[in-house]
């Protein structure tokens, strides 16, 4: 993550040295984190934060870069998790990293299939496709016991746990490094992708799809690629969420609220930026904890608990609205991380405008 | 055969209940271009306010009046605090803002009025009526009647009143309406109020069926495929879409469901909507925009 | 300014970790993952009121459990298993010097999600009348406690009640019994048991799923009208129960032929259904009502002194409130068992397991703690983490639940092989060697 | 005058009609564009000029008629097909990708030449790296041609209108089209800018031997720049011929030029 920040920000040449030092320091910090933070921080905050960042990254490629709105992030995470489970169960010889890749490919294929309507349908009408995916897979993975190996609780978990070519990862540090490694690798690949012709094709479709088609951008292919790549990443994020964070998962772990959460992450973090996913995930995972802490500290015992919890929910909603009003480009801009000459632009100037 | 007819009629009637929720959506989308996810929460809010008031001993008439007053205040607040600062933002941003709004409304409603499930009795007996072999729900029949009446009232409002005509002007061409001196902020307030009222009616009918409780806000998920089939901009579309979804869901659960292990209503409406979209990419009644470049 | 705000928010979370312990007078830490927000808040609100009121009563009136005060703390989860996992991670190391003796999951999906984590961390998961049925077998699942009334027992007791209504088990032959269930892991949990029971007694087993959230059920009930079952076992949850009762009325199915399970039998299910719910019966391992001894004590010491967590005193004695009371009492009695064995100090997870595995509440003890009639006598052993397996039946008269029967036992002889087989399969899949508690020394 | 080495015209429009919701936008239009000529479409607003370009690009589907491009017949064009065959396009109201830099906009125009696969791009394999380098060089070349080098890294949405217009032509040129369609390339520019762009267009025509169809309202420039003028009115062709003939055509003067006659004389 930190290496990428360095490269991303390295445009003004004069500060490269400083940035490299800062980057190396950050990398060292990230690698040493498990020895600096408590187990609670690793297990309950940092690992889920990293996975949510990855999911946000996946969705951001589709929604933030290619401009295709999706309310089905949870569905593709679900597919990835269940595919990983199936592979580990039924192809026990396949090492975990390869199983994750294959599960990602399965999720990508599913994403591609549910992306097909995008070649004909635009804007908000498109949410029906991703919502159909959301509800269909919730039903499918619950309905047919094959998917959860007939387990009476309809949950999935890896009976052999996590391992990396023989290295046992079933402890907080192992889970952290596994997650960190995968997230870093996928972030790098995504970074390459958005700076390549495919990335430009996506942004062209987002900014003005008709013009993109006319100048020779292969719209259909690029949209389907966006769905496939996004779902690939979401699928792997889903598998990590199920097995590196939760330990076991059911369809409820990837319900509609999860899809909204991922969408919030990229809107708050910044659409169409890689680092936006990280910032958004940090915001979404830390804000409720911060509010919780604040409320317990300030009001504990003095106000009815039910009222308190509902106020907290309302405040979360208010903060989201406030954010959208104040910073349409999300935390990415608020923290001054965008290119200095990057003027304010409207999100989705064309692709979502229909009647 | 009678089973088929009954399933079909039952489905069509249930579909009008979905239409009721979708209509509020359409109103707001038409006038302000906002895809209002918070419609479900507004519905909950309206119904919960009404029931809380009647539980406190306020007579039904007074409770309706107070609820309407509160809905007006809410609409004004939403317009001033949310719509106006977000003018000219992308539809996506507005959609996200309404998601945020739904958190606020739900949190406030449950925080202030409590989360207990309330009973709501509208005095409609839900006993079956038989036409030969075919059973029809009295309650659904009345609900369908209410939906029909609502559509008539709304079309009168749109076609016969000055505000309605201004409203249509805003819907057709916002910029032109602005240049004609129409106070668009006031129009938004009115539309959100009307959508709130439609939400109140829908909330009361749904509430009488399942109790006034949080899950009322989830009926919004039933309204989405209805909207997509009917098109975001057409009230007639919302009605027809509701009928299609209701009948389709009912027939599918009865005749297709058993082969798939049942419980398919959660996604069937969406699959149906997807099929319709392939045939009509902007819904049955939606207008397809000509791309100008 | 904005940066400052965000920095402050972030900093706030960093320093919100656990504070150092003070050595003297450590209380037993009891975290409560709760849901006061969202779709399930209506049942949750009362549940936590019951739990909190009882814990407060123990602390303030009885001076704690064997002198150890209870330090309970709530965490909002909106009934999401993922958030419950987050809470679990947050609290599993204990607080203020107290380790964690057990963890209430307050929901079956959360129990499923935590099953393996908790076993690895050696922290007992407590989920009365819920959880995973196979975990009744403590030899494979030492750290899971589906106390009181497993999902298999619920099915069996329900069938036993129907048998008593039709005049004996032999009369079940040829009857049609339809299970209308919430299409989720919870809703399906009883299916294997019903299947075995149908085989034994010869009734026809019809299973009808309702998709979540279940606010439109005409197709299901039309199907019921076609198939004409004699009885319905209703295993819905939340709004799907209300809609089921209302739709049953619409399709002319009599409410007094519907038996609800534990999670379909509270006031939240019947009040909104209005007249449609009159005559409806439900399994009650936690009966409703205020006529029990403990209610008199709580009224005097907690409610009348304005210390209750109940927002609306009318709901005192509601089924969900009583669920809270019973859960709290089970925890308190288990801790008492542990303190007597290990000494009066906060227990850790392994000690907590020992305590729950040696929890016995007989009729005499029930009288003492004021739970006679509200809680069945139970005896937990390392082999049997359910310990009860009975329920009373209560019927809704339009205003309140009225108890119809005394405790009706489930058919454990029939169910145990099923549970054993499930546990063995799990053990095999996960490479667990079942322990032999007889050889364990404590 | 255009050179007539090749007997086939670059483009033929044959009996093309188009209507929107029953309203005729183009009726039975026929004309042809020779290779390497600059053909100007003129006519009042709503005459169907932009719609015609949209048909040539495949954005609109004509109700009837056909298009013949370099000897091949098309009942309709698909946008991607049009681009692949080398039909480039500049739009009336700048259809640039506002969230991307000037350089990225131009490189996006090279999409039809891209061969690297997604996986190659993600892992930066040699073919992707090589392609990226070639694309960048090509884009810089084109930017230099339009004197846009200093804006290369700027977000295009932040630039003034005239500059955006140039970026748009640059984007179309980068892909090395065989036929370039320009919709009012000089609109919104001052006189000096107009001269500059007109000169660039003329150079593209002579140096790159590019066939150009353009829509322009500035008749003075049209008459100087174009080899061939087609006049449209209410979707019908009013006149078709060399600029001198059009200038003197009484029908055109009557129906369209009217009061603007003075301007032409000037």
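Going by the order they are written in, the chains are A, B, C and D; count residues from 1 in each one.
In this section, a contact is a pair of C-beta atoms (placed from the backbone, for glycine too) under 8 Å apart; a residue touches a chain by one contact, two chains touch by 3 or more.
Computed from a predicted structure; not experimentally measured.
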Steps in the shortest chain-to-chain touch route ending at subunit D and beginning at subunit C: 2
Furthest chain, CA centroid comparison against subunit A: D
Chain pair showing more contacts of the two, A-C and A-B: A-B
Between subunit B and subunit C, centroid-to-centroid distance (C-alpha), Å: 37
Chain centre separation in whole Å, for subunit B relative to subunit A (CA means): 31
Distance between chain centroids, defined by C-alpha means - subunit A, subunit D (Å): 41
Junction residues of subunit D, two or more chains touched: 59, 91, 95
Per-residue multi-chain contacts in subunit C, two or more chains: 36-37, 41, 45, 183, 211, 311
Residues of subunit A whose C-beta touches two or more other chains: 139, 143, 210-211, 214, 306, 309-310, 312-313, 346, 349
Interfacial residue positions of subunit A with respect to subunit C in the complex: 38-41, 43-45, 48, 139, 142-143, 149, 152-155, 157, 159-160, 245-250, 252-253, 257-258, 282-283, 286-287, 289-290, 292-294, 297, 304-306, 309-310, 312-313, 326, 331, 334-335
Complex contacts: residues of subunit C adjacent to subunit B: 36-42, 44-45, 183, 208-213, 215-216, 218-220, 222-223, 225-226, 238-239, 242-243, 246, 249-252, 268, 271-274, 276, 311-312, 315
Contact set on subunit A toward subunit D in their complex: 11, 189-190, 192-193, 196-201, 203-204, 206-208, 210-220, 225, 229, 272, 339, 341-343, 345-346, 349
Residue numbers on subunit D that touch subunit A, as the complex places them: 57-59, 79-80, 82-84, 88-89, 91, 95-100, 104, 107-112, 114, 116, 118, 121-124, 128, 131-132, 135, 153-155, 157-158, 171-172, 175
Subunit C-facing residues of subunit B, complex: 3, 6-7, 10-11, 14, 17, 106-107, 110, 114-121, 126-128, 135, 137, 139, 206, 209-215, 218-219, 222, 249-250, 253-254, 257, 261-266
